[in-house]
Amino acid sequence: MFMHNKELLQPVKVERPNPTYAAMLTEQLGGPQGEMKAAMQYMAQSFRIKDPAIKDLFMDIAAEELSHMEMVATTVNLLNGHDVDAPAVAAGHIESHVLMGLNPALSNASGYLWTAAYVNVTGDLPADLLSNIASEQRAKVVYEYLHRQIEDKYVRQTIDFLLNREEAHNTLFRQAFNRVQGTSSTQDWGVDENARLYFDLSTPGKYFDIKDPQPPVFRTPDPGARQPQ
Amino acid sequence: MFMHNKELLQPVKVERPNPTYAAMLTEQLGGPQGEMKAAMQYMAQSFRIKDPAIKDLFMDIAAEELSHMEMVATTVNLLNGHDVDAPAVAAGHIESHVLMGLNPALSNASGYLWTAAYVNVTGDLPADLLSNIASEQRAKVVYEYLHRQIEDKYVRQTIDFLLNREEAHNTLFRQAFNRVQGTSSTQDWGVDENARLYFDLSTPGKYFDIKDPQPPVFRTPDPGARQPQ
Amino acid sequence: MFMHNKELLQPVKVERPNPTYAAMLTEQLGGPQGEMKAAMQYMAQSFRIKDPAIKDLFMDIAAEELSHMEMVATTVNLLNGHDVDAPAVAAGHIESHVLMGLNPALSNASGYLWTAAYVNVTGDLPADLLSNIASEQRAKVVYEYLHRQIEDKYVRQTIDFLLNREEAHNTLFRQAFNRVQGTSSTQDWGVDENARLYFDLSTPGKYFDIKDPQPPVFRTPDPGARQPQ
Amino acid sequence: MFMHNKELLQPVKVERPNPTYAAMLTEQLGGPQGEMKAAMQYMAQSFRIKDPAIKDLFMDIAAEELSHMEMVATTVNLLNGHDVDAPAVAAGHIESHVLMGLNPALSNASGYLWTAAYVNVTGDLPADLLSNIASEQRAKVVYEYLHRQIEDKYVRQTIDFLLNREEAHNTLFRQAFNRVQGTSSTQDWGVDENARLYFDLSTPGKYFDIKDPQPPVFRTPDPGARQPQ
Amino acid sequence: MFMHNKELLQPVKVERPNPTYAAMLTEQLGGPQGEMKAAMQYMAQSFRIKDPAIKDLFMDIAAEELSHMEMVATTVNLLNGHDVDAPAVAAGHIESHVLMGLNPALSNASGYLWTAAYVNVTGDLPADLLSNIASEQRAKVVYEYLHRQIEDKYVRQTIDFLLNREEAHNTLFRQAFNRVQGTSSTQDWGVDENARLYFDLSTPGKYFDIKDPQPPVFRTPDPGARQPQ
Amino acid sequence: MFMHNKELLQPVKVERPNPTYAAMLTEQLGGPQGEMKAAMQYMAQSFRIKDPAIKDLFMDIAAEELSHMEMVATTVNLLNGHDVDAPAVAAGHIESHVLMGLNPALSNASGYLWTAAYVNVTGDLPADLLSNIASEQRAKVVYEYLHRQIEDKYVRQTIDFLLNREEAHNTLFRQAFNRVQGTSSTQDWGVDENARLYFDLSTPGKYFDIKDPQPPVFRTPDPGARQPQ
């Protein structure tokens, strides 16, 4: 079960309203690399997990991503300002101004509505962990792009916080991945000849080859971390 | 530019029509872990890549995934049989029977139409490579699920081939990832205190912690492979 | 911020696996009248609300709907059984069997993926409350349909619980609505002649007319409840 | 069956072209609270209704909403002006300029294409009527937002007309709701203990409670209206 | 403006309920070649048309397609029977049974919700007419597939009627096309060398070439028809 | 199988970056009349075709459309410039700046993600060819709109090339159509009285009638072309 506390995980504020940046930041509320996606993906993956350490990790992070979602939405709300005024949005979606009375939208920055097509669940622990590691890396990248396009120091602080949290999650998911390496879809790697072929279909150029393929394992993600039992 | 050869990358056949399995296998034609998604993701990522080795790798694999898409579609077409008969589909979508005259559909097994929401492109090479490694792992998993649910030996051979190719791509993408490690979004990892926090938001239980976070690096994916120049 | 407890809001179990009913019950996980929609709608509406009583009500219920989402997903997971077997699904989507390793899907019963198009937010408190009252009524109806189509006594208990909770939410949202009646979009009702016209465009028949239109107000939803301050 | 008359339900004109406002007004053509949605929802709900008074009301209003759709589209078309010129759209979608030769789009103001995910049909008369009352309230709100953002006096007249018509429909749907109160999903309200619980999951704060829950009934929506037979 | 008459354009009935065929026939209610699509496409195209003969033709047919939509929906409703029972649907979507109380759905046969992505509007009369001719041809094909899969003689009569109406519309749209030939996008055909190249990109085989390309014109679609003034 | 050559089908360049036009041109990368749609439609239709001449034509053109897709994407990439800067996009989607690090998007100009709902496949050769002829005509129209809104001479050259190629494809598809006339869905035209009715449902006005309907045939699309064997 979920509980909510009206205090934010980390307080947010803005120097001043900025309806254009409100639209841009919406990307991380309802876009493919955004907080809602992260929360829903980890929650959806957790429903069948047996391993208590990994189930706990997924729900710790899912609850945190819901809390990030709230931080991003609160920031967008502050940036939206006080009056509906669609032409004040220099670029990006205008739904907050014509549809929602300045509420933040569950969409990306251009107004494409959030869809569960963003969520990857396979029920295979190594594959789901790789999905999550990639998701966290992408989320970091999007926060970097957003960071470069805003001067507001409070918004930058919020983005900094969120970006660093994605790194933390990324590190943790790699620890979890290494814990399950050699199981499920990482077993029996490259046993068949076809796993060692290279089809050089784009010409010119061939730069890689395969000889002795190994399943995915990360180098120690955190040398100082204790091993989960 | 693209060219096409009417020979398949690998020939396909089926023991007998099987409209239910045709619907099921459609998952890998137009689903989120399917061949069309893979082809479009790698192609879309390649448009801005400068590094010639990685650009070549992406287009080699994109062209191969288009060729896989053709193999899967040809197999679905054979499985669909000779007469439109929707009730012969025991489970899954029926569009081949009511809409498409037994053609394969660009949808998942339940009829959800392919969407570019499946495609992840960030323009950051490490992030895009992690996306691709995760995609290939998920595609392998889906082929395993499909393999378990069919007796047809020719279909099994085709699935075996495709599954092994996903392993090959996975291995290659990891080689490429390690080539770019330490650049772009893998730089400056964990410099901020927030990257070392653990919010224990799901109770009871806390199994992981962070002390000295490192950016993602894979253990050597293929000890025998030569290094791209 | 959100916290999670691994205990469910109400424990769930099933008499036996039932993959067909698993697909059917998915409707209330990821369908338009389902728990994810309810949670996301109330959370999204809350981001701009000033009135502390109503903001609290929305977040109390949003957190509960997230907890319902977990109950429904856990039930679907149990019903999915132990082996991927798409043809065992007599009707409805088969993604749990071909894509997700028996995990529950964020879709409706027929596999249409959850979309934020289901979520209504206007930023006008009376309008948003009417949306929520209607949502709760519809959710009750869907649970009634699902109740009629299952014999499993534990699943029935879970549905009974959830159905009754929708009634509770409905009652509470009406209390909140009456608290804000006469404000925002319920002001200035019927001041213009056009609000009193009836266009009898479907023939034959005309059964209703308008003389003295009044804005929406509910009869006391709960005579025993104390008034929020 | 439907018939069409080339005269609009109410004539429309504009003071001058305004491509930005054309995009904004598109919200009420193809958005979630727009005219197409209303027409399709009431029509789709009517297909199974037996009660002749209510079926007639739904089709009277569905036909009117189709006529509103035509009025909105005609206005958007006039506002689009005479030359394709995407950069003249200061905010919102640009499909009229790059795709449609200045035709209005079946999308919201930001270009999200109309989807039947906006349409709620349950086949339960009280629930469907509550959906419609909420829809009409939301449509009024959106017209208010749009009214505030345009100076063109003719466009304002059209919006005024449409806004008032939503009030009329809202009043009529409440009359119809009260006619069916106590039937279907409004029966047996609060018989179970669970319908009287309050989960105080968001802290701090608890402002509402439930003691003696009643099903939804509106106060007399129109004291002067005659009762349908 | 639109008006509605409760008499259907053509009466419909069914021999007996058939929930599976109800799902199948839904294809022509809310699928890409269905009646809703046709109605919305012709209506959306008409909003900017100046030529009175063509505008009248589009609205005559749009109103008829709305009337077909009503016929199809009424038939689906009859086929759905009297009790919600999802497993009675042998193939196709089950939303009528779990969500809608046996109402017909605005989706295709597999439950994919209607989307305006099906609608083609370019604002160029020859292009829009070609779209409509193709749409009518496809609709005929889908009715043929559906006809082959049902024994119910009344349903067959309805399908026969609708199929023949698509032929009529097809013929009329071709008459209209030939009336506008040589205008807009059919002007200046093949003036550039690039319009006469053939890229033989799929090997082996080359069967066609281009020497003296002409814009599209249909052979007289109806030798007996009078010419519109 | 598909192969790729890193040389473009036709080289592209731009005079200077133009982020607004980059967004606009995205319409033909991932919009409903764009190159990805064309490639996927012809490929998807080809999977069941027996006639070798027509199968070859479809794959020749599908491979070319993939190559066009690459040309359009490369041009968008050049137009996007060198720095993420969403407000520099005066109109249209901003995903390249907030999500994708200046990569082109698989969406239309307003950010609606590519969907297989754009793709028409019926498995009936005459119907599919009519779809393709209409698609090519619409693609030409969109290129004309885009041509009018850009001064950049290199971009104009690219658009000219692509526009002329659509004419070539259109001509070829008509040759193919006439080759299959009288088969499949073009047989038995107008045998039933209902194919000769005209419902004059939009008043005032009736300009067309039907007396002796004929199936679709094009006047010779290319008098100089040799007949395929």
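Note that the chains take the letters A, B, C, D, E and F in the order they are written out, and that residue 1 is the start of every chain.
Convention: a contact is a pair of C-beta atoms (placed from the backbone, for glycine too) under 8 Å apart; a residue touches a chain by one contact, two chains touch by 3 or more.
Going by UniProt, the chains are A, B, C, D, E, F = Manganese catalase family protein.
Just so it is clear, the structure is predicted and the values come from calculations on it, not from any experiment.
Contact with chain C and chain E alike is made by B, D. Common partners of chain A and chain E, by the touch rule above, are B, C, D, F. The best fit of Cα atoms from chain C onto chain D calls for a rotation angle of 180°, in steps of 5. Judged by shared residue numbers over all numbers used at their interface, chain B and chain F contact each other through mostly the same positions, with over half in common.
Which listed pair repeats C-E comes down to matching contact pairs by residue number; over half match for A-F among A-F, C-D or A-B. Centre-to-centre, using mean CA coordinates, chain A is 35 Å away from chain D.
Between the CA-based centres of chain B and chain D the separation comes to 41 Å, rounded to the whole angstrom. Of all residues in chain D, those that touch two or more other chains are 1-6, 9, 32-33, 56, 59-60, 62-63, 67, 90, 93, 99, 101, 107, 110-113, 115, 117, 122-124, 141-142, 201-202, 205. Taken as a graph of touching chains, this assembly fits none of the simple shapes: it is neither a line, a ring, a star nor a complete graph. Listed by label, the pairs of touching chains are A-B, A-C, A-D, A-F, B-C, B-E, B-F, C-D, C-E, D-E, D-F, E-F.
Of all the residues in chain D, the ones that touch chain C in their complex are 9, 32-33, 52-53, 56-57, 59-60, 62-64, 67, 112, 115, 117-118, 120, 122-124, 126-127, 130-131, 133-134, 137-138, 140-142, 144, 160-161, 164-165, 167-168, 170-172, 174-176, 184-185, 189-190, 192-202, 205-214, 216-226, 228-229.
Chain contact summary for the complex, chain B toward chain E: residues 1-6, 84-90, 93-95, 97-99, 101, 107, 110-113. Listed in rising order, the residues of chain F touching chain D in the complex are 20, 23-24, 27, 31-33, 90-93, 108-112, 141-142, 145-146, 148-149, 201-205.
Interface of chain E with chain D (complex): residues 1-9, 30, 36, 40, 43-45, 47-48, 55-56, 59-60, 62-63, 66-67, 70, 73-74, 76-77, 99-107, 113-117, 119, 121-124.
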